[in-house]
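Here it is: the structure, laid out below.
Residue numbering begins at 1 within each chain, and the chains themselves are lettered A, B and C in the order written.
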């Protein structure tokens, strides 16, 4: 974690540009630019900046944004109240869509609806997120007026969950659609693996029905790669919703990172990356745990080593 | 080399599903068009030959943009750019990703743990954001930077998948048997691991190819991809977005080109997978 | 207003209402305060320019002028929407015979939002905040002539100058008057304006509510919420679907079609001060050669570019000065479009076969499209253009600070910013001693007429030197719901006075 922090710190400082630039405007003279650099500390040597940063990290202080002056941790906390539920809901939706459809597409791949599912999922993978978002907004917000086109209630979730859900319906749908499109492909792929496998044929030879064999043996075996994909998808959606956030003007974690990078607001960038790294490790750990539960062969301490 | 599981056999008993054929045709079309632009285009791509936002006509099949340039010409060149981005990015991702993934799978527990954790962290960074950082770090946006950035960003996903797949294979009983019979780890990789994991990897490469094309479009959409006047589809879409109400065709045509290429790639890979799957071949 | 959340989930319009109510509840306000229309209405303003923080001396960006100038903070003078300057917190003022001493009498009965009364000490503190060494205000330079500020009594401020400064009232219109006891001005405020800050949700919106102890006329609405968008299409959709009432400036002519033909909306065109220009680095060859600059000005058909970007909107300009400035002169005939004479001039300057140069191009609209247009136009006279796309942040480091460029595209938003051509150290490096003297002398002028005369002369000289290549003046288009009226049209310096906005039934 410490090494990651150091690497990150150095990488960010290698970017051309200066955080002080976000604070000046056309008309500023050299004296004012120097004042801006003093304020953000970019006039110090890199080593001194790094020592300062480590000191802050040690006390779990992520610093304050160079640009807005707000403590980074506070800002991240507020953005997480949007990002976490958005991710969780979209993720749940994607699983609910992708699991049954993916298995169906594999098992019934010779039927027309099996192929249809594949075709639709392919379409879903091929369309850029911003296009789907814009289409949904045009259809459901501008034409049908069913959902708001953008934004998020200032009151957050808890005062009026239904209103918040209503406001977020389109972004959730957008992410869920994109995510499930690629998930279906993985589920289908994993199911095909299972269907063609020896143990399934063995089970069937021993008298189990096709469905029963698939459920008893298939899910365990097929689930392992799918779970790891799920873990990746979940983790990357935390930050990866940035394009969706842009289309729907949502104040999420991804847009905080994006504007942080644009403005060279190092404390914000470092803070977001630090927190999201923690979250990702957590998700990865959980995925690993689930995999081990599902597939006993992964439990042995050295089973996979040469 | 063992006869039972040759590593990269030519595709025997090729079952040409309609999906595969459609995919191959779509990709082939884009390749032909992309190659054609090297020697011929209907118009000079930078020449302002028509009116502002002219609708599709016989002279301009896809209409013109705000500067009166022929959109069909730009979309054709876009195919070339998309294909080169895809090929370059996937090659980079495959080279880095498969190597790192196999190393992790075979390495000692401690090394594996460190690699796995690093990959987890890198993956937290969506391809697009990592690519944006790399583009920001380089001196100005260019096509090469975009390819490199997308390739590097995608390699962590390939590496992680390779590691997981390889570990699954290594947990099989026949690996223990092979080890007992004295096969070295390179031999195990060649005879057992690669043949077993490459169908899944191919599916992933095709996906990554498509994702790379989308990522380049998104980067260009955000103004970080190939700089103008390179006719990237993403840039065409971005420029057309402002005029989507008065000239919707400008936003639709590059989108269709983009989607058709990505779908073609995916169908192609799916067909390839159904054929190349060793478990199916053994039947 | 009191619709239950469950029911309202079925009806989008009432959800909006319920949401606003919830917001107000959270802010600790009585729900009765917010109204759909009438004198207590909430006005939702859609904008692309979210402030970065709330302090205009700490790099908050143009968004803070839009939200706070005249709304939350007032200054001694106000720059009106028509470009005139009138007293605001100043009741009366006197200028000494030599023009070096200004005596201001403050408005009586003015209170800050915190409840403290306005005194001369607050004014002194506020001005010194802008002129201090830590200030990052772009206006700092223009206040340099201030030698001292005296406060003989609570209602009187005396400013002594080291040299005459005819634009002092104008320049003071940028200096917010802030309570000298205020702290943490980056995230809170303590001004005297008709609205007080209610809440700011970064990345989303900023709300101000009517300040009941305001000394001036009562605003026509109860609350103003600035909603921020990163993307113009999302902003347009928000107006179409009723999430915002008015858009401060529309950035694409083609999105206007959906509002123009719709009886539910008003499309109004004001006058902007935003100029798009190709700025050369006048220090380096070949752009240190006037003939080259003039040739390039003649090689570009500005009208065609304006039409490509803005359709039927926008204005052509022949120099840096927009028609709303008093020293405007129609200079569009100077170095008008004439590719043949451009070629001749290039040959005369020693470039018969043209040359190659790079345009550093910001990565946001309209710069990339303009760069491509220039590439096409200049190719016709044999000049080859490379386009290098950079971010706004890089632009400051590479071009503004390091002057490491050949030419760059940039939009300049400020009002009365011809003075930049009087600074040889400015990024474009234009240095004509005659212009430097004229601009300096104009500031020390005794009368406005004299100032105008001098700046006109400078303006003509700058155009004659083709100091930069001025492409066009942006249009300023405000779109609102039909029921919403009373908003400012010109938005000078990005200001958006909200107190006059009315929302009818």
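Going forward, a contact is a pair of C-beta atoms (placed from the backbone, for glycine too) under 8 Å apart; a residue touches a chain by one contact, two chains touch by 3 or more.
To keep track of the chains, here are their UniProt names: B = ABC transporter permease; C = ABC transporter substrate-binding protein.
Predicted, not measured: the structure shown is a model, and the values here were computed from it.
A.B. asks: From the Cα centroids, identify the chain that ends up most central relative to all protein Cα atoms.
C.D. replies: Answer by centroid distance: A.
A.B. asks: Find the two chains joined by the most C-beta pairs in contact, please.
C.D. replies: Result of the pairwise contact count: A-C comes out on top.
A.B. asks: Calculate how many whole Å lie between the centre of chain A and the centre of chain C, each centre taken as the average of the chain's C-alpha atoms.
C.D. replies: Those two chain centres are 37 Å apart.
A.B. asks: For chain A versus chain B, what separation do you get between their C-alpha means, in angstrom?
C.D. replies: Comparing mean C-alpha positions, chain B is 20 Å from chain A.
A.B. asks: If you average the CA atoms of chain B and of chain C, how far apart do the two points sit, in angstrom?
C.D. replies: 44
A.B. asks: Return the residues of chain B touching two or more other chains; collapse runs of consecutive numbers into ranges.
C.D. replies: Only 136, 241 qualify.
A.B. asks: If I count partner chains per residue in chain C, which residues reach a count of at least 2?
C.D. replies: Within chain C, the residues that touch at least two other chains are 233, 391, 394.
A.B. asks: Tell me, which residues of chain A touch at least two other chains?
C.D. replies: 16-17, 134
A.B. asks: Chain B touches which residues of chain C in the complex?
C.D. replies: 232-233, 251-252, 254-255, 257-258, 307-309, 311, 361, 363-365, 368-369, 371-373, 375-376, 379, 387-391, 394
A.B. asks: What part of chain B is in contact with chain C in the complex they form?
C.D. replies: Touching chain C: residues 46-48, 52-53, 66-68, 136, 140-141, 222-224, 227-229, 235, 239, 241-247 of chain B.
A.B. asks: Using the touch rule from the top, collect the residues of chain B that touch chain A in their complex.
C.D. replies: Interface residues on chain B, with respect to chain A: 19, 105-106, 108-109, 116-118, 120-121, 123-126, 128-129, 132-133, 136-137, 139, 157, 160-161, 164-165, 167-168, 170-171, 179, 185, 188, 200, 203, 207, 210, 214, 217-218, 221, 234, 237, 241, 255, 258-263, 266-267, 270, 273-274, 277, 279-280, 283.
A.B. asks: For chain C, which residues are in contact with chain A within the complex?
C.D. replies: Residues in contact with chain A: 5-6, 8-9, 12, 15-16, 18-19, 22-23, 25-26, 52-53, 58-59, 61-62, 133-141, 184, 186-187, 199, 201-205, 207, 227-231, 233-234, 237-238, 240-241, 243, 391-394, 396-398, 400-401, 410, 412, 414, 417, 420, 425.
A.B. asks: Applying the document's contact rule, which stretches of chain A touch chain B when the two form their complex?
C.D. replies: 4, 11, 14-17, 115, 118-119, 122-123, 125-131, 134, 182, 185, 189, 192-193, 196-198, 224-225, 228, 232, 235-236, 238-240, 242-243, 254, 257-258, 261, 276-277, 279-281, 284, 297-298, 300, 302-306
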